[in-house]
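Below you'll find a set of structures to go through.
Each of the next two complexes has subunit A plus one more chain, namely subunit B in the first and subunit C in the second.
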Partner chain A sequence: MLKFLVFNLVLMGFVSNWSLIQVGLSMMCFMGLLMMNHDFCSFCLGYMMSVDYLSYILIVLSVWIVMLMVFSSTVVKKMGNFCVGFLSVNLILLMVLVLTFSSVNYLMFYISFESSLVPMLVLILGWGYQPERIQAGIYMLFYTLFASLPLLVSLLSLYKSEGSLNMGLLLSGVIGYQGTSLLWYFCSVLAFMVKLPLFMFHLWLPKAHVEAPVAGSMVLAGVLLKLGGYGLIRILGVFSEVNKMFCWVWVSLGILGGVIVSLMCLRQVDMKSLIAYSSVAHMGLVLSGLVVMGGWGLNGAVVVMVGHGLCSSGLFCLANMVYERLGSRSLMISKGLLNVMPNMGLWWFLLVAGNMAAPPTLNLMGEISLIISVVSWSKLIMFSVGMLSFFSACYTLYMYSLSQHGLFLNALFSCCSGKVVEYFVLLMHSVPLNIMIVKGSLILCDL
Partner chain B sequence: MMWGAYSHLVSLVFLLFSALGFILFSLVSMSLSSSYVIEWELFSLNSSSVVVTLIYDWVSFLFLGVVLFISSTVMYYSGDYMSGDKSYSRFMYLVFGFVLSMGALIISPNLISILLGWDGLGLISYVLVIYYQNEKSANAGMLTVLSNRIGDVGILLSISLFFMLGGWNFIFYESYLSGNFLLLKILVCVAAMTKSAQIPFSAWLPAAMAAPIPVSALVHSSTLVTAGVYILIRFSGALSGSCVQSVLLIVSCLTMFMAGLGANFEFDLKKIIALSTLSQLGVMVSILSLGFADLAFFHLLTHALFKALLFMCAGMVIHSVKECQDICNMGSLVTCMPLTSVCMNLANLALCGMPFLAGFYSKDLILEVAFMSEVNIFSFFLYVLSTGLTVCYTFRLIYYSMSSLSNMSSVMIVSENHSKMLKGMMTLSVGAVTSGCVLAWVVFPEFYMICLSVPLKILALLVSSLGALLGYIVNMVGSSTSLKTVKFYSYTMFVSSMWFMPILSTFSAPRWSLSSAESFFKIGDKGWSEYFGGEGGFGEVMKGSIYLQLSQDNMIMVYMKGFFIWIIVVFFIFI
Partner chain C sequence: MFYVLRTCSRHPGKYRGAEWSQVWSTCSYGGRKWGRRGVTTSTRTFCPPQESQSSRKIQQNKEQERENQYENPYQSKKPEYQRDQYDNPWQRTVGILSNDIKNYFAGIRLMFRHISGLQGDPVPDQVPKLTWPSHCDVLVVGGGVMGSSIAYHLKERALQGLNVVVVEEDSCYKRASTGLSVGGIRQQFSVPENIQLSQYGVEFLRQSPKLLAIEGMDPPRVQFHPHGYLSLASEAGLNQLEENYKLQVEMGAKLKFMHAEELKNTFPWLNTDGIEAGVLGLENEGWFDPWDLLFSLRRKAISLGAQYVNGKVTGLKCKDLDDVILEVHYSSPIKNLNSAEVTLPNGEKRSITFAVLVIAAGAWSGEVGHLVGIGDGKGIMAVPIPVEPRKRYVYCVHAPEGPGLDAPLVIDPNGTYFRREGLGGLYLCGQSPEENDEPPIDDLEVDETFFMNNVWPTIANRVPSFENLKLKTSWAGYYDYNTFDQNGIIGLHPLFSNMFIATGFTGHGIQQAAGVGRAIMECILEGKYCTINLERFGFERILMNEPLFEKNIY
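Our next item is the complex of A and B:
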């Protein structure tokens, strides 16, 4: 893991040179992708860090998204808006994320998990656009902290009762059904449920996404939500006995919450808010697949996490491109864009098709696996899963048709039809999304 | 780019030669009774492999050949039809993408890889329907794609049920599906019903006529709507003997009847043709539900050819009368546009089942086989009535558009000097005339043994001629005729608006979901979730801290009261 961390630290020394950071991050992506087709259960061992299939996939995803973040924030460079600070915050966030995904000790994981909130908060407060970002930052911070402080207590009591917090040693249903197991279980998983986010605890997400700059939205949708999924995968192994009693709670909240949230998407007028709510719906399905504790559910969850990370991040880039030109995120104003930006229509359609799990995107592969795992748990849930799929198409095509087709705003005289860097960013989002299904075993995790 | 302007020529050459090649391969494959299956493993998990399977047997080669043939002529035709359009190249790319999706659907006998074609068809047809940027197209496109999406969800759920078999190659598991997989069969049938616009999902097909004519000719006559029938043909081994068949029979016969009835009251040229497509789809699905999948395939192929021809002629007509689609404003086109009228009449008569044209071989055979098998009297009457109604609306259309006195405005230039459109139509008319007999003699050489009594045998012919007379004469009304349709307006309204399905599909269900979405958002997310979450917590904490603030107000009263209470406490503890 030192190759990522040291590279990152050295890059932080050159933050005054924007293009060098761009190139450096691309090189880090290349380094990460070199080992993608590995066959090791656990490698890059050392210094309380190791990497297995799942961690490696997510580390590559983080580096990829952070690289694309820097490429899509050219407005920060153009306005000269504290470029050095921006790049430093991004690189610190990347380091924290790599540490989180590669940590072997639960406490180390917890500390990095919490630390990722600080650069995120700085990004929102520092480079967001509107006064409401203060409330957004407070919501994000407090929702996550309120749920994760009990996680700290539970990890410390785990240390007291087991003697070690090493992930490899504890993943065997160590906590049976004892007296305090219920409280212990809820304290542990609730942190990740809020991070995912689960339906009832999702209020921070639309706020944070809307107020964040494009870089913040991209990393939030792309990687930070996956921290919740990753944490769940690691912690559910410890509490598997208790989880079997309560998986119905999470499946119901996840799927039905996803249906409710998909319905709410139909009423959104703010593009970023719509994409944020759709993240909640996708992550609800991911959660349901995970808590069912099946092989298909685990792999489907990982695939949907990667696919959703790429797709939502790409959609946020597109929403930002519209915002930079028209000054508004509202679908009532930024509509009929096919007339002014015809080439973007293709990219809108590709990413929108990815969001609704159309083939050949990764989202389809993951969603099929998740539907298989959830339906194998109970056939009755087919109705809700069907509604979830159906409404995801509804709101996605609502956003596509309203933003692209029809008459454009009278006040819009002309706008740039698309810069090369924007096409690059969109290409880098949609090509992995569409191509990786051909060798799907790259994204599966063989835990 | 220069070559974008010639994409119609490119597609004509490429697709036509591919089509001829595929038909050749189909004959070879049929004579050798061989089929090739190629698999590419996407991933394998816990001993179930998700693969992309491609099958090359005579069915897929023949279907591919016919689809590519039709699409080559349609793309050449759209070189003239869409010639003035600004995003012409986008249109051609979309149509080509559509043809590729249809190809992906035809050659996939795997439930997961068929999704590539199935979802691709739905999405690309959506973009094609909303091609003209007006509200009618937007609404039609949304209705189309959401009706198709119900089918997609059906296929996704059937994938999850297919998991029980360990693989998704339904071509291999057909024989294992008899018995307990009723839910799976229901889901696949629902998917096919949405794609082929059976009742209750029929509202999208006439609405999708907001698309440009080449799109209707390709998509809504031969490819998209036949995808549902095709998947049922591939699944026919699994469906035999299950109770799904009876439901399919009733639904498809009702669709057949409803569409035929509705087309008699419709005045929009494209909608009449759409409803006739719907009626023929009902015929295909009904004969399939009786167990004769190869007859359904036969009718699918012949219908594709003459329906695409009919759409193309309608496009030529609409283009010439300056985009007015109302048949009340047409007439005597046979004098102004002779070649188009010839092609249109060929297509119309083929549709009616005129002896020895394309439709006769398939449709007559279907009717005779249906009369011979065990159908209930309800379906039997629906078959007979629909056959009559088909001829009725066909001759009505001929009367209004071609043979009546001219109802067009007094300054009208009607000509057919679009050579590409004409060439496309002529190519397809060869198919419309000969495809029936060629397919019957090549593909289905073993004839069905038809043993019917004389009345049943001539029933089809009798009902057709009756329908023709009725359709032609009843519509010869002048401006002072008192119409019975006005007198019984509520019945006319019921029949002509497709039994209210468009209203049900567009006003009732979306209204419920949008209003519940609003209440979930306003009362849920902005209301109670905030109360039990951020805002409520904030309010409670603020209220609590007010109490704390009171104690820090430095009021002598508070200190004295505290002192007093403390004295009493000490008094009671120590004394």
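Our next item is the complex of A and C:
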């Protein structure tokens, strides 16, 4: 993975040139996609970094999303709002993310996991809209920080008891499911639950999204939430015994929390807030499928993580396009957009269909796998899972219909229907989302 | 009315504005967690008395203010805004985080203070400062009754869905037309939409104790006196009166058409010389207290979450939508307003970005229009918003033998009006001066000779018992006079995609405030007029030179 990091560091030297960074990031994507012919075991080993199929697809996702972030932040460039700082923060974030996904050592993973908070915070508070209003920064910082301190303690005790923190060497795991093991388990997974976010620890996400600029929202929804999922996949293997006793906590919180949050989506008036809450619902399903520790669940989780990353990030782009034109994110004012931006209606619909897991999007494959996984664990949960899927379609269609259909604000003339760069960004979001189902084996694990 | 009269009687001939702004501002301590839906009681804006010229007086006032501050724990200076406009993102991050932490602890300290029951006002630098609303969804320029009604209707329908900010230059409303108005409401118009607006206005007034009530505070008391209007017509105006009467009855108004004889029988104090007929409003007409309406609307809007900013809009930025393809060729491109520059009373300039702008600045709306070029430009932009301030006098007289409790608001054929005020034999009267006789508008000084020469003779002629009245006090206020056709201008401007105008009501703004507020709310939230169709009042009529005159009765 050194090739990514070196490329990144070199790009940081050229941050004064916006178009060069755009080109450079696209080249990095291409370079990453060249390695798609891997064979699902660890590859690119070296220097305490290695990549297996899961890390690989998430690294590709990160580079993809950061590239699209830079393309959609043309407002920063036009206003001249500290472009150099903006691009360097983005590149630092990319570097940290690549490090996180490719680390082989749990401690290095933890350090990079925490370091991704710093550029994220600077991005949200530095270029955000009105971050003072609802203390987005404080919420995000303290929620994730306090939840991950127990993880540090748990990793250090793991080092003490096992002698190494290498991911490949901890296959025996923690024996026992009472007492210390229990505490150990909860300390370790709490950080990822907050990052995912799980229903009871999710308050920071809508606040962060509402105040973040488009770049911040895209990377937050697209990649940072997946850090939680990725971390869970890596760490649950160590605690498999305890997990078997307590997965009911996470499954219940995930599914029922998802249902509650989907209902809350129907009451939102801010577009970004609605998409943020929908992320919580999706990740709740991911978590439930994952902790059941089955093959279907693992596959489903990975697929939904990738699909949701593309889809949510695309929806945030669209919300930002509306905000740039109309000056407001409120669903009560930005209505009837089909009248003024009919071309965007196509992209709105494609991404909205992705959000509700309609065929042929990647989300469909993932959700089916996750539903199979969760129902295999308990048949009774079928009702809640059904409600979760149903309401996710409800609020997605609600958002689409409320923003697109109806009368436009009594103004007589329209705004710009869509610039080429915007179409490009949305194309890059929807095409992988819709096409990858054809060769799902690119993401699915052949166990 | 009571406030106006009280201050007027203390300083005759000079209106001083409210001594205490009746506004209870909300403070958000450490963010929304601590802010309550209701209105907190800890701050009350103190309106200083009129500035005097001598420095000694200023010194005395300052000392008095300082004394008052320590005497009354509930009194605090005008709210300060956080100095948070760092441009540099790194500084901004650090600044915001540290402010948030400080506010959090200040909020906790305040909570402990409440719990331990201390009554003292916290030391000023520990009180968390208000955050400046740098982004909002709807910006209303002008916080008089029109602006407050728009803010109230928007927030009532949208609740948390819309961020509404009202910019008001003067929290004491010294020059605003609302407080200085006589407060009448009538349905006797000749334009059907005006009748509908007034009908909704009365309904709103009747329901205001319920609609504008806030938990834990006294309900609004608009003191609606439903005593009706009596429009008198001479022979020249008889036809017009009949026509108007027919229309009004068709629209559902309950009126009584009376010929001179019947008038004489019903109102023995009335002298019907030269009067052929009159129309009396039996229901839904009368007068009320405009101050109470204004402050109830304002208070309720604030409690629902609107934010009032004390400042003056001194700049408006717009961007040209030059990529819009139009079928008609205009001399200037369509513009989209996006940000306003507000000058605070301490001279600071801050900006607010918004999605929709509503101009409800009353008599000064023409000036606001000029800020963005309406009135200096070519083609459509050459037409200014035709609203300017015109001074009108209101005289309060005492006539011990005047008409009794059943006297309606009487309008003489030449435009003079009078109405009863209170139960002590006081009457308010006034008259609109001739077109070429307009008084100067630079201040609100009252000209008593106008009363002696124009008003008194007319009312004394109409009601003989007014011969021996005594002029007690008087005040002057501005009409937001629409020089085009003296009716309101409501709706979008054709060249701006997000600018609404709600002004130019020329003296009947107070009665139409509720209806216009609701209409603008419908335009913004639903894209069209749902209840009362006010399309005819749009700005286009000025461009197409189709005036919508009220057919007055002579």
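Operating definition for what follows: the second predicted complex is superposed on the first by the 429 of 447 C-alpha atoms of A that agree within 3 Å, B and C clash if a C-alpha of one lies under 4 Å from a C-alpha of the other, contacts with A are read in each partner's own complex, and residues count from 1 in each chain.
The working rule: a residue touches a chain if its C-beta (ideal position, glycine included) is under 8 Å from a C-beta of that chain, and two chains touch if they have at least 3 such contacts.
These numbers come from a predicted model, not from an experiment.
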Item to check | Touched partner set for A:125, first subunit B, second subunit C, both or neither | outcome: second
- Task: Please work out whether A:141 is in contact with subunit B alone, subunit C alone, both, or neither, and reply first, second, both or neither.
- Result: second
- [ ] Answer with first, second, both or neither: which of subunit B and subunit C does A:401 touch in the superposed model?
- [x] first
| said: If we overlay the two complexes on their shared chain A, which of subunit B and subunit C does A:168 touch? Say first, second, both or neither. | reply: neither
Original post:
After superposition on the shared chain, which partner residues are touched by A:409: those of subunit B (first), subunit C (second), both, or neither?
Top reply: second
Applying the touch criterion given at the start, work out whether A:201 contacts subunit B, subunit C, both or neither, answering first, second, both or neither.
first
Counting residues of subunit A touched by each of subunit B and subunit C, the higher count belongs to B
Between subunit B (first) and subunit C (second), which does A:360 come into contact with in this model arrangement: first, second, both, or neither?
first
Between subunit B (first) and subunit C (second), which, if any, makes contact with A:393: first, second, both or neither? first
Residues on subunit A touched by both subunit B and subunit C 336, 406-407
Seen from subunit B, its contact residues with subunit A in the complex are 40, 42-46, 50, 87, 90, 112, 115-116, 119-120, 123, 126-127, 130, 133, 135, 138, 141-142, 145-146, 149-150, 152-154, 156-157, 159-161, 163, 183, 513-514, 516-518, 520-521, 524-525, 529-530, 532-534
Subunit C residues touching subunit A in their complex are 30-32, 82, 84, 87-90, 92-93, 96-97, 99-101, 104, 131, 133-135, 137-138, 158, 160-163, 321, 323-324, 326, 334, 336, 338, 353-356, 492, 494, 497-498, 523-528
Given the complex, residues on subunit A that touch subunit C span 81-82, 85-86, 121-122, 125-127, 129-135, 137-138, 141, 269-270, 326-328, 330-333, 335-336, 406-416
Subunit A contacts subunit B in the complex at 139, 142-143, 200-201, 203-204, 260, 263-267, 295-296, 299, 336, 338-339, 342, 349, 353, 358-360, 364-365, 367-369, 371-372, 374-376, 379, 382, 385-386, 389-391, 393-394, 397-398, 401, 405-407, 437-441, 444
